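Data block below; observations after.
Which chain is which? They are A, B and C, in the order written, and residues in each are numbered from 1.
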């Protein structure tokens, strides 16, 4: 469980986050949404320990983040963002192997190799393992990166308290790869992994998230157990568009339509 | 009877030992000083020379010998590879480590500094004569040299009556720039004997010339050494160089070429060099 | 990373190449020895056979001139190769040289000070004069590198981009300083600076070998331990941070390491370019970008390349010698342009920030 208490951040003379109190439930997928510039990425990075907040604290299962050293933190949580473009020729499997960095001392061992194998299988890229990373399609590259974070989080059976942070992991992917990637993320919930994802698509969030946090100009505008509970009025106020909810006749799921 | 023969035998053996010590049989000498090389040829001791440096080009016969490189960019291995029994230098070598390296391989190194006066240069000539058993020839050369100097010095007072301002321009190959020769150098003294005044006032060595400093020196005559003159090609082109073009020398067309080896050090050719220079400066007066 | 069997093959090949190039370098030059002669002389030196007086000169040439030169050349090549790997890994940019962040220029400036002051420094003779050169060169290299870091961090978090820009500025500053010193120096010193700055192994001595060997051993051992972190860094600074690498500390460690190795080597042999640029690049393209492989491999390949270049430097205008730095530029620049062209055509992310 990840908890943010009174978190604030500013840069370049601008307040990016102001007094954010948020709780991300364990083994749940929470989506962070909001318009551009709302501070979603900043919030994620602070929650992941990549950025130090100027005010407030971050706690993992009750313990402050500062008590964890870099390596312990890396074994506990992984971050997947959109722009990891290695500058050198690497094979797909070599990218995945990097996820094991926090786990081995000098050279990867059998456990690390097994973790890599499992991760590649989980994303369905086992056959392409030796292909040059730069020659893969965008969707395939992101799947390999996903395998990397899976390998990073792989701590054997019975591991607990692990967290996966996703920072707009699907923005440049086609629909099929979007769904595939997020499905993989959802499967982790069964292994007691907490997933926190910054998404930009309200409908997508509705499909896969258990909880939703809506940010507006650095503050929490709404939080709820079910994304479907997000009121239309709030959406319209925060995003500055007109919105209408529609019901899917097959399963009754709520879909949103946006008009300017 | 036996004593007489013993005496003669001893004397012969002694002389042989002396001769062996003074001039060992097959010496192979590498000399990287153009001044010392010239002197060796002057006293006829050149037979034992096997290699020279790049800038030793006088007399022309020396060009038959291989060069071990520029004397400021030598390599110990290159020197040793011609299998010398002696490495001779005037001390002006680079990198400095080379001298020690050649010694460490077991080859004797002799450093003979020529000093900066005609007397010290003459002493060098005599020392070479002694070293290589050519004292008689050395003395002969010296006599002619001194006679030449006396005659030159006698005339120099007269020539100095109207002494034009002269700028020497020497081309420094490593710095890739023209250098001016200042007072206190052999070239400067040769200039004064030839009845000229150095356009550069300051003391010592050579200094980099900039177009501004050339123009400020305002020489009436410019004397350029061979490499620096030849790279431009002609007096006309030389006069167009930046800074030079503004000088009285360029305007009156008084730009001359002289061999570096005539003026950079004192030697038996110095009297002739003085006359050569005087001829250029005073037009055969 | 995790493919030891095939790397073994590559390492064997590289080692064989190094041994061959060392033998070649020991045999050829102003003095050339046949392998049989070389062997016989080495036996004499080692005391395994009686020292023949007739062989004295050749023995001495081998012992005092050739062998230290072969050793210094190999060590310098190894150091430059590894330095290149470290810097390319740190900057995530294959067009980076150890000298790009001020190290070489600063070392050159420090050494120029020694030359101008005129302390007798080069040569087998010991004493303070001998150590003044590497000491001041290392100090100069370190000062320049730290200045580059300081300038880069003044603009906020140290991004590799700002580091490279600061490096360009500091390089220019040091070059100006060296130029100024060679200008005001009395003639002989000026010639020393120019000659040395072109890169040369001519004045190799066992003393120089000892100094560079010490720096190289320390540096290479420390570099090998950074292989993991450099691998993680390949993904990007943020990703590496998320994996547990501390980018700022890593940067400092790598820069000091680079300065130690490259600065000390530069002080002994002058500025030699392109080895650090080309060697890691070739290895990456032909084999692997894994740093556990790259670091030892670039040491081996760098040493081999340097030996071969030095042999050429000795033979091309025999009995005179060409400055090594000229040869590495003549060979390295076109090779590098080739690499660049191939990378552009293949669409590789060649120049990433």
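The rule is short, and it goes like this: a residue touches a chain if its C-beta (ideal position, glycine included) is under 8 Å from a C-beta of that chain, and two chains touch if they have at least 3 such contacts.
In this text, all values refer to a predicted model and were calculated from it rather than measured experimentally.
Asker: Indicate, using Cα centroids, the chain positioned nearest the centre of all protein chains shown.
Answerer: C
Asker: Among the chains, which one keeps its Cα centre farthest from the Cα centre of subunit B?
Answerer: A
Asker: Mind checking the centre-to-centre distance between subunit A and subunit C? Centres are C-alpha means, answer in whole Å.
Answerer: So the centroids are 44 Å from each other.
Asker: Just curious, how far off is subunit B from subunit A if you go by their C-alpha centres, in Å?
Answerer: 82
Asker: Which whole number of Å gives the spacing of the CA centres of subunit B and subunit C?
Answerer: 40
Asker: Spell out, as numbers or ranges, the residues of subunit A touching 2 or more other chains.
Answerer: In subunit A, no residue touches at least two other chains, as defined above.
Asker: Subunit B: which residues touch two or more other chains?
Answerer: Residues: none.
Asker: Could you pull out the residues of subunit C that touch at least 2 other chains?
Answerer: none
Asker: Sort out for me which residues of subunit C touch subunit B in the complex.
Answerer: Its residues touching subunit B are 29-31, 56-57, 60-61, 64-66, 120, 122-125, 182-183, 186-188, 190-192, 194-196, 200, 202-203, 205, 314, 317-321, 323.
Asker: In the complex, go through subunit B and note every residue touching subunit C.
Answerer: That would be residues 51, 54, 66-70, 72-83, 92, 94-98, 100-101, 104-107, 172, 174-175, 205-206, 208 of subunit B.
Asker: In the complex formed with subunit A, which residues of subunit C make contact?
Answerer: 1-2, 92-94, 225, 228, 231-232, 234-236, 238-239, 241-246, 284-285, 288-290, 292, 347-352
Asker: Could you pull out which subunit A residues touch subunit C in their complex?
Answerer: 48, 50, 70-71, 73-75, 78-79, 81, 83-90, 94-95, 97-99, 101-102, 104, 106-108, 112-113, 116, 134, 148, 152
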